[in-house]
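Letters are used for the chains, namely A, B, C and D, taken in the order the chains are written, and counting of residues starts over at 1 for each.
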Amino acid sequence: MIECKGRIAVLTSGGDAPGMNAAVRAVVRTGIAKGYEVFGVKRGYNGILNKEMELMTFQDVSEKLQHGGTFLFTARSAEFGEEAGKKKAAAICKEMGIDTLVVIGGDGSFTGAKDLSKYGVNVIGLPGTIDLDIAYTEYTIGFDTAVNTAMEAIDRLRETSNSHERCSVVEVMGRSAGYIALWCGIANGAEEILLPERFDNDYDKLIEEIKKNREAGMTHQVVINAEGVGHSYELAQRIEEATGVETRATILGHLQRGGSPTARDRVYASVMGSYAVDIIDQGKKNRLVGYKDGHVYDIDIEEAFKMKKSIDDYEYQVASILGTRCDYKNI
Amino acid sequence: MIECKGRIAVLTSGGDAPGMNAAVRAVVRTGIAKGYEVFGVKRGYNGILNKEMELMTFQDVSEKLQHGGTFLFTARSAEFGEEAGKKKAAAICKEMGIDTLVVIGGDGSFTGAKDLSKYGVNVIGLPGTIDLDIAYTEYTIGFDTAVNTAMEAIDRLRETSNSHERCSVVEVMGRSAGYIALWCGIANGAEEILLPERFDNDYDKLIEEIKKNREAGMTHQVVINAEGVGHSYELAQRIEEATGVETRATILGHLQRGGSPTARDRVYASVMGSYAVDIIDQGKKNRLVGYKDGHVYDIDIEEAFKMKKSIDDYEYQVASILGTRCDYKNI
Amino acid sequence: MIECKGRIAVLTSGGDAPGMNAAVRAVVRTGIAKGYEVFGVKRGYNGILNKEMELMTFQDVSEKLQHGGTFLFTARSAEFGEEAGKKKAAAICKEMGIDTLVVIGGDGSFTGAKDLSKYGVNVIGLPGTIDLDIAYTEYTIGFDTAVNTAMEAIDRLRETSNSHERCSVVEVMGRSAGYIALWCGIANGAEEILLPERFDNDYDKLIEEIKKNREAGMTHQVVINAEGVGHSYELAQRIEEATGVETRATILGHLQRGGSPTARDRVYASVMGSYAVDIIDQGKKNRLVGYKDGHVYDIDIEEAFKMKKSIDDYEYQVASILGTRCDYKNI
Amino acid sequence: MIECKGRIAVLTSGGDAPGMNAAVRAVVRTGIAKGYEVFGVKRGYNGILNKEMELMTFQDVSEKLQHGGTFLFTARSAEFGEEAGKKKAAAICKEMGIDTLVVIGGDGSFTGAKDLSKYGVNVIGLPGTIDLDIAYTEYTIGFDTAVNTAMEAIDRLRETSNSHERCSVVEVMGRSAGYIALWCGIANGAEEILLPERFDNDYDKLIEEIKKNREAGMTHQVVINAEGVGHSYELAQRIEEATGVETRATILGHLQRGGSPTARDRVYASVMGSYAVDIIDQGKKNRLVGYKDGHVYDIDIEEAFKMKKSIDDYEYQVASILGTRCDYKNI
């Protein structure tokens, strides 16, 4: 008979991301294996406030690993947004004997977690967002799947674009972060990539390059546009008018959020979920689990929020060299 | 030494569709095997007018079968649209000794073919369009791939829609024909399907059903909307406002045109391409190759244009029974 | 308040096939919609004998459509194989008020159903097998998915085979039926296809062709071998020894049985499941649902067993023309 | 007019791996962009000996990025294996003005490169192998795609295994390295993982665990077996005989080598290819490009060969905790 070491609750919050289920499964199973009781919380922070929490068994997380989305559901919570809501949530955790709350989500969810920790709940965060827009970590659960989903869609678009000798504008997710756009830019061999972090709004230059490439013999082009730059339909129209090249826009949208997670998302989500329980077991408090310099690590939640993120310069340069072909007859 | 029986030219025209390459390959290889010279024409009817035609060998069509798009390219031709253009095209065919032109495309391309036949060129049509909107045939090259592509995207959307307990509006291709929408409706278990052939613009009823389903306990919904009904962003907004359920729209767009063809598209395109050469070899003139009652067949081009198409009633009924769940607690 | 029209039970039997879940869902939902109570039976005929049957609701079959396998499980039953077992099964059905049993499976499962019908249970069969080896129907649930799965695997094999300029022997499923092999043969552009229905065991001729093709300049080859011909590892060794061409064998095996069903398998399985309930509702007895001449139909179970199946001659001929390239420099 | 800085040759060698084309493309395009002439060498080291080398343009590597395999082909070379062969190869490089040879391959190919460097050719290696079995680097081109391919196949196997309540033995590639097996083990939630680095040949213990899991209520099991452990068919038979549980073996084989590369393989291959040219441009000699601690780096070829690799302990532990469920009713 193993004595129970304590109670852990786990929730998913913010936009869903493929691999969240794998992370929940890892928290539950590792938790049980190490002697904890683990509760699954439904609908993000709402589930604490509404006491939608259930004790999980090893079998409850069977057959979840391979599915996208989150079987715990996710939601925004207006009530938890208020100070009173956080206080109430902490009280409920205390009342239920929950020492530690594992939050799988993005920056917004971690802000909530940080605030909650002030009321005495130990919070551990796992980065779950397709956007890779969290400063303290080089990997977020769901990014790998989202990039592959977008890439496969753009492979298809390039094929039809090529058949019609068109220009394609493709909008991928990323409001303030251009990682999906940058990775697809390289992976799809895009001729142009517009990132919120880099694009200078010089549309004339963009159009000039497209024109030059056509004159140099290029028969089709793919422009990858991040959501944060946006206006893809207008951009397509503008390119068509200025260049005479038939141009179509596609906004990939929410389909980038779904789908069975890739191997990497399943493996890293599993490792991070196990790691979260390990640091709980070591008595650590208020940490975020991340991936840095090729390894899983953890960092104080306050420290993590001080960090700044930017696009990888070298990758951006590689994308530019491999894709921009406007002078390719001369070199 | 086999004596050459004649010259066949093959082109792809209109919107591209996965499987067109398989069809071209089959025409080329069967043509050669049966003693013909086969010319590949670039960029649809333009390629005749511009004499962009090349004699093809067995090897020229190697490694094409598995790729989407069309390696012969496709384009609209303003010049061929004019009577003078057709006359000129026929003259060029005659000049080059091309007896028969195989046209892979949709209704618009077949209209051009029919007109061209009046100037003495034997035309054979193969149905190539993702929309399945050609009356004389129950199968068109590309439909199977497009439906699977759309279905997989909608599977992803349902997953994220489920995690957030949202309503999803998904727009699939089909301007006047709702086949992709109907098939995805069944294949994705959509709660609502809006087809140009059936939808009565009764948005109030639609919204009423969505509301009722929510009240009955349904936590997420997928509304599949055909391009011909359209206005998906507006529809999503209207649903959200009327029901209070968070609703997002996605327009799948041109990605439905690309991608490696499915087995069915490869097999049927291959069989149809071979069949086209067989009927040429039998001396048939001005025929369209189709698929009807489970078999490949051919029909006179004039006859084919007299036919009318409509949505399969039984499939529509099945979609309605399996998807509409508003009273499901009562039955 | 709808009066209950009767009780239907549904089971899956024999080898599982993608789309079985879609068929069960359609039987359950259409059954409920038309006023029946529908029971799901676990583990094939065993589930009747062991009374593993549960009344199903509309929601019980939610989120099943997109998954391969069968959530009702499947198994062989030694007990049901005996006459006494069938008698007992019929008695249990009577005792539980089950008028009609819907069996989703292959030839073996239908033989069991036919025998059961003699004890007064009305049996309706739906063809569920990846092998397409049932005489009365041109479509079986799961075939389309299995062919696409095999085709994608062979696309991959061709790529690596091409890089190494190898010969690849690929064994696909089909003990007595070569449909998967034939379809992959066309879809993958295989240079050789060995079907149980056609292969004359003339390995010398096969090797001669491979040699000739190499001499004519072909740099890689794919030989698709049906399970019923078998001996793939030995064949690869024999080819390598006789031709000097590096040759590798792969047996795709059970992975061909799994996977999310294709659109066609989902749609046809749904239509057939609904159709099964419709004919029950019309008072029909002991019928098999099939697909013939492009339409869903039903046939008396005794009649169905008298039919014979053979490979489509035209498709086989197309495969031979498009793939066999040994003389391709001369024509 | 840019002055030519020198001549680079690039080849692929050893087993092909998805992403090799992306790496070649990056070497060619970055090379041209930085002022080099880049030659593509056919069929590995053979291509030098046979002078199968062609000057590449920007366009020659168009539409290669998304394809698996290697368009430069790959082969073993008996002649290059001899000292005389290496001497001859070096002489040919000198004669053609080729200063630097970029070799994309695995350990065996790098040994050849190291030897060649002694005859005055500057060699730069890029790690291209699906096995991840090169000590100096934590990433090899092709691993990510191979793992995803294997994982998807195993997802399918689990589905059918589940329907039949079977045990599945799946053999994945990896003769001396168990990385694919380990990653699939976590990604597929395998109940057992046999790695060449760890498996102690205690089959009795393995069988005991499978038995216990069944007794505890587990209805299906997946055993992932690395090629280096092997004997999968025998293992399946042994499990079936000892446990009475129906057990099937599948050897995934060469299909793990093919397929369109994942985003990660495309991006990292592109970055590494560009990086290779950058270090050439910096005048570095005889280096291997790798990925370590989350970053691309380069290391002296002699140094690299001194390193030793082992399985990640933490990942192995996570796999064990998450998959081994034999006591799961008690904890």
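The rule is short, and it goes like this: a residue touches a chain if its C-beta (ideal position, glycine included) is under 8 Å from a C-beta of that chain, and two chains touch if they have at least 3 such contacts.
Composition by chain, UniProt nomenclature: A, B, C, D = ATP-dependent 6-phosphofructokinase.
Source: prediction; values computed, not measured.
Asker: With chain centres set to the mean of the C-alpha atoms, which chain is at the far end from chain A?
Answerer: When every chain centre is compared against chain A, the largest gap points to C.
Asker: When the C-alpha atoms of chain A and chain C are each averaged to a single point, how far apart are the two points in Å?
Answerer: Centre-to-centre distance between chain A and chain C: 39 Å.
Asker: State, to the nearest whole Å, the distance from the C-alpha centre of chain A to the C-alpha centre of chain D.
Answerer: That pair's centroid distance is 27 Å.
Asker: How far is the middle of chain A from the middle of chain B, if each middle is the mean of its Cα atoms, in Å?
Answerer: 35
Asker: What are the residues of chain C that contact at least two other chains?
Answerer: Chain C, residues with two or more chain partners: 155, 158.
Asker: What pattern do the touching chains form: line, ring, star, complete or other?
Answerer: Shape of the chain contacts: a ring, since each chain touches exactly two and the loop closes.
Asker: In their complex, what parts of chain D are in touch with chain C?
Answerer: The contact residues of chain D facing chain C are 12, 15-16, 43, 67-70, 73-75, 149, 153, 155-165, 168, 248-259.
Asker: Quick check: in the complex, which residue numbers of chain A touch chain D?
Answerer: Residues in contact with chain D: 2, 25-26, 29-30, 32-33, 57-59, 65-66, 138, 144, 147-148, 151, 155, 158, 183-184, 186-189, 217, 260, 262-264, 266-267, 270-271, 274-275, 291-296, 314-315, 317-318, 321-322, 325, 328, 331.
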